[in-house]
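For reference, chains read A, B, C and D in written order, and residue numbers begin at 1 within each chain.
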Amino acid sequence: MALIYDLAAQSTQMILVLSLAPLLLGFTRKVKARLLRRRGPSIFQPYRDLLRLMRKEVVLADNASWLFRSAPYLIFAATWVAAALVPTFATGLMFSWSADLIVITALLGSVRFVLALAGMDVGTSFGGIGSSREMMFASLAEPAMITIVFVVALIAGSTQLSEIAFHMLSHVELRVSYGLALIGLVIVAIAENGRIPVDNPATHLELTMVHEAMVLEYSGRHLAVIELAAALKLLLYVSLIACIFAPWGLAPHGADLRAMTFGAAAYVAKVAVGGFLLAFFEISTAKMRVFRVPDFLGAALMLGLLGTLLRFVSGSF
Amino acid sequence: MNIPAFEPVDALLIVPALSAVILAFLSGYRLTSYVNFVSSGVAFFFACALLFHRPAAGNYLFVDDLNVVFVVLSTFIGFTTSAYSASYIGHEIETGKLSPAHVRFYHAMYQSMMFAMNLALLANNIGLMWVAVEFATLTTVLMVGIYRTPEALEAAWKYFILGSVGIALALFGTILVYMSAEPVLGEGYDAMVWTSLMQHAPAFSPRLLNVAFVFLMLGYGTKVGLVPMHAWLPDAHAEGPTPISAVLSGLLLNVALYAVLRFKMLLAANTAAIAPGPLMIALGLASLIFAGFMLYRRDDIKRLFAYSSIEHMGIITFAFGMGGPLANFAGLLHMTMHSLTKSAIFFAVGHIAQVKGTQKLANIRGLTESHPVLGWALVAGVMAIAGLPPFGVFMSEFLVVSSTFARQPLLAIPLAFGLLVAFGALLMRLIELAFGEPSESIGEVEASVVPLYFHLALVLLVGLWLEPHVAAWFQNVAASLG
Amino acid sequence: MPLTVTLWSIGALLGVGALGIALASNAAASRVVYGLCFGLSIILFVAAVVPRSAVALTASFPLGLPWIGAHFRLDVLSAFFLAIVNLGGAAASLYAIGYGAHEKHPSRILPFFPVFLAGMNLVILADDAFAFLVAWEFMSLSSWALVMAHHHDAENRRAGVVYLLMASFGTAALLMAFGLLAGSVGGYSFADIRDATHGPSWKSGLVLALVLLGAGSKAGLVPLHIWLPLAHPAAPSHVSALMSGVMTKVAIYGFIRIVFDLLGPPEFWWSMPPLTLGAITAMLGILSATIQSDLKKLLAYSTIENIGIVFVALGLALAFKANGMALPAGLAFTAALFHVFNHSLFKSLLFFGAGAVLNATGERDIERLGGLIHFMPRTAFLFLGACVAISALPPLNGFVSEWLVFQAILLSPSLPQWSLKLLVPAVGVALALSASLCAGCFVRAFGIAFLGRARSTAAKSAQETDLWSLSAMSGLLGLCLLAGLIPSYLIDTITPAAKAFVGGHMPTQGGIPWLSIVPIAESRSSYNGLLVFLFIVFSAFFAALIVRVLGSNASRRGPAWGCGYPDPGTAAQYTGSSFAQPIRRTLGNVAFVARDHLEMPPPGDTRPARFGVEIHDRVWDGVYTPILRAVDFCAGQLDRTHFLTIQGYLGLVFATLVALLLVIAIWP
Amino acid sequence: MENLSFDVAHLLAGGLVLVSFTLLYQNRMTGLINIFTLHAIVLSLSVAWQAYSQHAPHLYLTAAIAVLFKAVIIPLSLQRIMVRLRIHRDIEVVGGVGMTMLLGICLVALSLVVMLPATAAADPLAREDLAFALSVVLLGLLMMVTRRNAISQVIGFMSLENGLILAATGAKGMPLVVEISVAFSVLIAFIVIGIFLFRIRERFDTVDIQELDRVRGGRR
């Protein structure tokens, strides 16, 4: 009985993230438009786009290989699993212990790996440019992420997200390293999702583009799956930040239905706030040149390192 | 005057002397080289006989653990070298480098040199030993100059002058030793006889011994080829016939070293005297490092390996200078291994020079491809001389370096440094010689490579498995060296 | 019994070497020799992994140093490394059955290959200093001969010189280390050394330094790594695989054996050199790998990176052990050995792939490859698998070991020493950095070489490689997958070694539900590769299914879109150097000085614009060039003494004599 | 009587050193050879005196060899070689005569400093002899180092060897002295009459050793 209950909770979360992801995207666009005094598309536009893309036929480049065709599904699957492992409305879900924060980071790493390869498969110059830049950003973003993980893990004494969230709930305290980690994580999230100022998701024909350049050759259902994966990734980071730094309302392990629904509501609220902040940030900054990005990410890395050092030097656990 | 009973010791002197006389009158290189080969073999046989039967020490000759090692080794190498020189000289005659008269002279000198060396090793009398070494010098000088080319003559002249000066210094040292012993042992033979000298060494006047050792070290050290008295060695090796280069490296240096060792024991026995170790260590290190650097600029293959001989003599002197059972054992082993390996290398070099028609390193390339048998032998030989396992030299170098580092880390570091420097040079040369596009060659190997491979096999065997009796024997020699 | 079998089969390997000389001319020789090697390696592997009692088996022969003899010992650690060595050996032999057929001069390889295998086995079994060093040099020499196999190439000859010089340098260092350990009495057997009371701490520190020099020069620790990227590519590919995947591990074994076993209880500061050097090595290695365009050089540099990771883990283990923290020490040690195992698998696989490409196209330069995924799909798939594994991406095995290392780092704040508190986080960041760079490096390697369109006719005409090679590679990939999905068994096999060498070990993983692994406690962290893998597979299929239901399945082929630009031909593809350019610009100058030259002709000039990059290796320029200069200078100066007149020489003798007499005169 | 024997021996040994100095001073070939003859005669005298005072008849033989060989044969043959090879008459000295003389004095001092304390035990006659012998040896060596042509080098070597003989005879009752001196004479015979000058004569117009050294065409 309990098993079924857990299973249900876990699958709810999977469905939840999957369904919420495009919404977040749409919501952010809407908010941006509004802040710019435009009406903007409806917040459900992303769903429509996805459906339309799926119905279109796929045009494969002549020398696209099996890798090119299987990549979208791999990317989607890995992102989805990663997103499903981040506590959204409840901690200690059934499979949460099968992967800790480091694993989640690494899963996103595999996603990037496959995506970069897919970008190079057809053999156009654009795909290559995208992949190479993506890997350069990653080479700084990933260690930054790891250092942030260090900070968090050293505070909470665990790399398990559920444990971390639980710890944050149980002793609420303000530490410098929190702040450092938060800022670092936000920077990493922006870079990883290719948002302004690192990349501009709204443009296509611009040589500074990164993510869009990699998926340039994709069309139809493949593109749809990839777009969905991208949306999932954005949601993942938002919920990650929410789970670590704003764990309020998370239902503890084996909580009853009410707590869970409450947690879900709280989660939606957090996501909305996140989306709003993101939109606000994006309209208030301009995109930076590609070779400035490393400094941007380097800042995140340094913040993470600083936090780690603080943790190492001050208390041990 | 009654005739003493026949002794292998006497045979060791009589056989070479007799055959030298005979060879002086025989002609025809097949016959003479055959006689040469046989008499060397007989000498080797008698040397082995010494292992089982030791005559009592007389006023002139004696046999003990130490010089048996040297005698067996030198007669053995004399034997294999005579086998090698037979085919080598044959080739020299065909190419008209040597006239039959020269060959007759060559063989006579070969035997008289063997005689002189055996005498020097077996002599129980420091004066007699000196005379023998001096005689050996004369004979080798004549053989170095045998090609009559300006280079050969110049090399021989240089060797002669430096050797004579060395000899003179050694004589002065010998006289001083006698002077220091005379008050204790009284006038006459006793004061020049090893056995009695060793017994009464503690009573000798230490200061006189110190002065004596300086002269002896420099004098005999000249013939060992220690820096800075080494100058004769490279040219003598390079300009003489290759068998002679092999004999010089394999035998003559050892004989001189033997003399140094004897006097070192004498000094070590006298506690009041300055310890001889430091001087030997200093000269040894100097030779090692100096020779290591000199290897880099050589362009003549025989000079290259001549300098490597200096390097190894340095190592051996260093080891004996360190003293102690481990280091002495290592020194003895290293000396044996070096003689075998270096003569093997010179055999190979002789063949190479004959098939390539040149001694210039620059004109010898890709041997492993053009002459696999020679090429791989050279590779093996150089690896062995560079002290890489599984060859015997590695065992001795292992013992020298590790035991030194355990006792005097500061001395082991220059030692290892010198070894590496020398190895670097040898390796670069070797790779040029043995690999790459082969250079054109003028002939095939018709001379026998048996002695070459025989030596290498021995060295390999020792590296893997040192026969227990031999080990025990070396060990108590090492112990006696103190 | 296992030891006896092991020694006998090693002897048999030597015999096979002799056979190689005999058969060298024969056509079928290579199949016979490699077949025998394969069989013997399998036997050795089985003998190593067959369950035994924990007590070490020993044997000794009257070889080597007469009064000591040659001792051999098979304990938990040597068993583990024997398994690695012979697994690699078996794979290489199997691969070579097919690969060797393309060899021009088999007579220069066949005799040395089995000897090389035997040498590595002997190093691991040796139980006295002399046998150890003999085996060690034996290994170096045979591999050197293999490096010199293609000696007509001047580059290879240079590699041979550098390699053997560095090897001998390392041996000299180890020799001195053993000299210190054995003491002046000469107790060279490891048993004596273990029993010996260890001297002052400066002495053990000296030994540590010497071992780092000796083992490090063989393993490729910066700055002693320079020979590795020269020598590994020079050898035939199956040998490169052995040298990179296995021989470096033997070096690590040497380090562990001496530092963790013979050197006695550690002090905390011992851990700092391995940690620092390891981190530096990882960074420099991967950065240099990222800019290489020679596929095998690239792989060699990535080997250097992995060696760095292993040394970091070992340094952590030392630190924990010195502070008596048994459990973390066990974790770090396990991580190190785990990574050693993993690297031996996927690095061999990668070199096999490179060899297959080399055979099919005759090219090592990725700039002239491309599109191979169409011409040699199986090889491409296997190579891709290895790339994923080495980039430390779940669910393959590379990730597990790296994850364990991170877990160990997360435990280190409880180390009391401040120096370590400051050092370890920096090292951790360096590790993370190198891991992510590694992913970039291998995206580049695979993407440029196998994806896109063929950049040369050689690449166009490539054929899929033979079945022997494919089977060897598939076997290795299968093992990578197994080790990644169910690491718990491997961890449990390492446990006894950890118990014996650092006194602690990870909790037994066997009993944990769902086959997941738990370094310390469930509440801290846990990982279940199998589950993650199943999840991904499941959801991938789920997604495919949904798409199939909701969307259309129609698809057609067309020319590449490329933002509407007409297809500009293969030359316009992104090249390897352009791919590496961002990283070269941002991080590159840590490891090397890279200068870009852009020569832009003035307007109206019809010359093409030229772009070139020149790269200077900081280590080479900073460390080795001065040494070479110094040696050359000394040689030049001393060489004058070769041309003195006879008076000059007499003068030398005279001066020496007078000097010595003066010494005597003033001697008290 | 004892006293007298000491004085005479001392006188002769000292004389030998003096003659060595004059050898150093010489810079003309003929003069060099004549002085060397004197050197040999003084040596043989002192050897003979030793034979007399030590009652060692075999030393007379040594003395005889010295006179016959070094004071007669060698100088004559050297003269012949000089004439035959048309060696120019004066000798180049490295670093000037004065310098060498100064060095020589330092050497004598050195040998006294080294020898006198070392031989404290031995009887005074031997001590003086040994000290003088050492200085003769060193002076001979100095001469070989500073003289440029072969004949003067040979002479330097022979004076060195005279010093050795002096030491050997000075050592009380040393056996094999005769043999040693004979062996040495053979050595010198080799050098002097020996094949080498002739061989060199065949190929070079001079026995100046620098010519010899020039043969070495940068061979390494």
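Following the convention adopted for this analysis, a contact is a pair of C-beta atoms (placed from the backbone, for glycine too) under 8 Å apart; a residue touches a chain by one contact, two chains touch by 3 or more.
Everything numeric in this text was worked out from a predicted model, so none of it was measured.
A.B. asks: Taking each chain's centre as the mean of its Cα atoms, which chain lies farthest from subunit D?
C.D. replies: The most remote chain is A.
A.B. asks: CA centre of subunit B versus CA centre of subunit C: separation in Å?
C.D. replies: Comparing mean C-alpha positions, subunit C is 44 Å from subunit B.
A.B. asks: Just give me the whole-number Å value for how far the CA centre of subunit A lies from that of subunit B.
C.D. replies: Centre separation, subunit A to subunit B: 79 Å.
A.B. asks: Report the inter-centroid distance (CA atoms only) between subunit A and subunit D in whole Å.
C.D. replies: The computed centroid separation for subunit A versus subunit D comes out at 100 Å.
A.B. asks: Measuring from the mean C-alpha position of subunit A to the mean C-alpha position of subunit C, what distance in angstrom results?
C.D. replies: So the centroids are 35 Å from each other.
A.B. asks: Which subunit C residues touch at least two other chains?
C.D. replies: 639, 642, 646, 650, 653, 657, 661, 664 - these are the residues of subunit C that touch more than one other chain.
A.B. asks: Two-or-more-chain contact residues of subunit D, please, as numbers and ranges.
C.D. replies: 114, 118, 141, 144, 209, 212-213, 216, 220
A.B. asks: Hey, what residues on subunit A touch two or more of the other chains?
C.D. replies: In subunit A, no residue touches at least two other chains, as defined above.
A.B. asks: Between which chains is there touch?
C.D. replies: In this structure, the chains touch in these pairs: A-C, B-C, B-D, C-D.
A.B. asks: Which residues, counting only subunit D, touch subunit C once they are in their complex?
C.D. replies: 94, 107, 110-111, 113-114, 118, 138, 141-142, 144-146, 148, 209-210, 212-213, 216, 218, 220
A.B. asks: Going by the contact rule at the top, pick out the subunit C residues touching subunit D in the complex.
C.D. replies: Per the stated touch rule, the residues are 639, 642-643, 645-647, 650-651, 653-654, 657-658, 661-662, 664-665.
A.B. asks: So in the complex, which bits of subunit C are touching subunit B?
C.D. replies: 62-67, 129-130, 133-134, 137-138, 141, 148, 151-152, 154, 157, 160-161, 164-165, 168-169, 172, 175-176, 178-180, 182-184, 186, 188, 206, 631-632, 634-636, 638-639, 641-642, 644, 646, 649-650, 652-653, 655-657, 660-661, 664, 667
A.B. asks: Mind listing the subunit A positions that touch subunit C in their complex?
C.D. replies: 51, 53-63, 65-67, 73-74, 76-78, 80-81, 84, 95, 97-100, 102-103, 106-107, 109-110, 112-113, 116-117, 120-129, 131-133, 135-136, 138-143, 146-147, 150, 153-154, 157-160, 163, 204-205, 216-217, 219-221, 224-225, 290-291, 294, 301, 304-305, 308-309, 311-313, 315-317
A.B. asks: So in the complex, which bits of subunit C are touching subunit A?
C.D. replies: Where subunit C meets subunit A, its residues are 370-371, 373-374, 377, 384, 388, 391-394, 399, 403, 406-407, 409-410, 412-414, 418, 421-422, 424-426, 428-429, 432-433, 435-437, 439-440, 443-444, 446-448, 451-453, 514, 516, 522-528, 531-532, 535-544, 547, 550-552, 554-563, 568, 570, 572-575, 578-583, 585-587.
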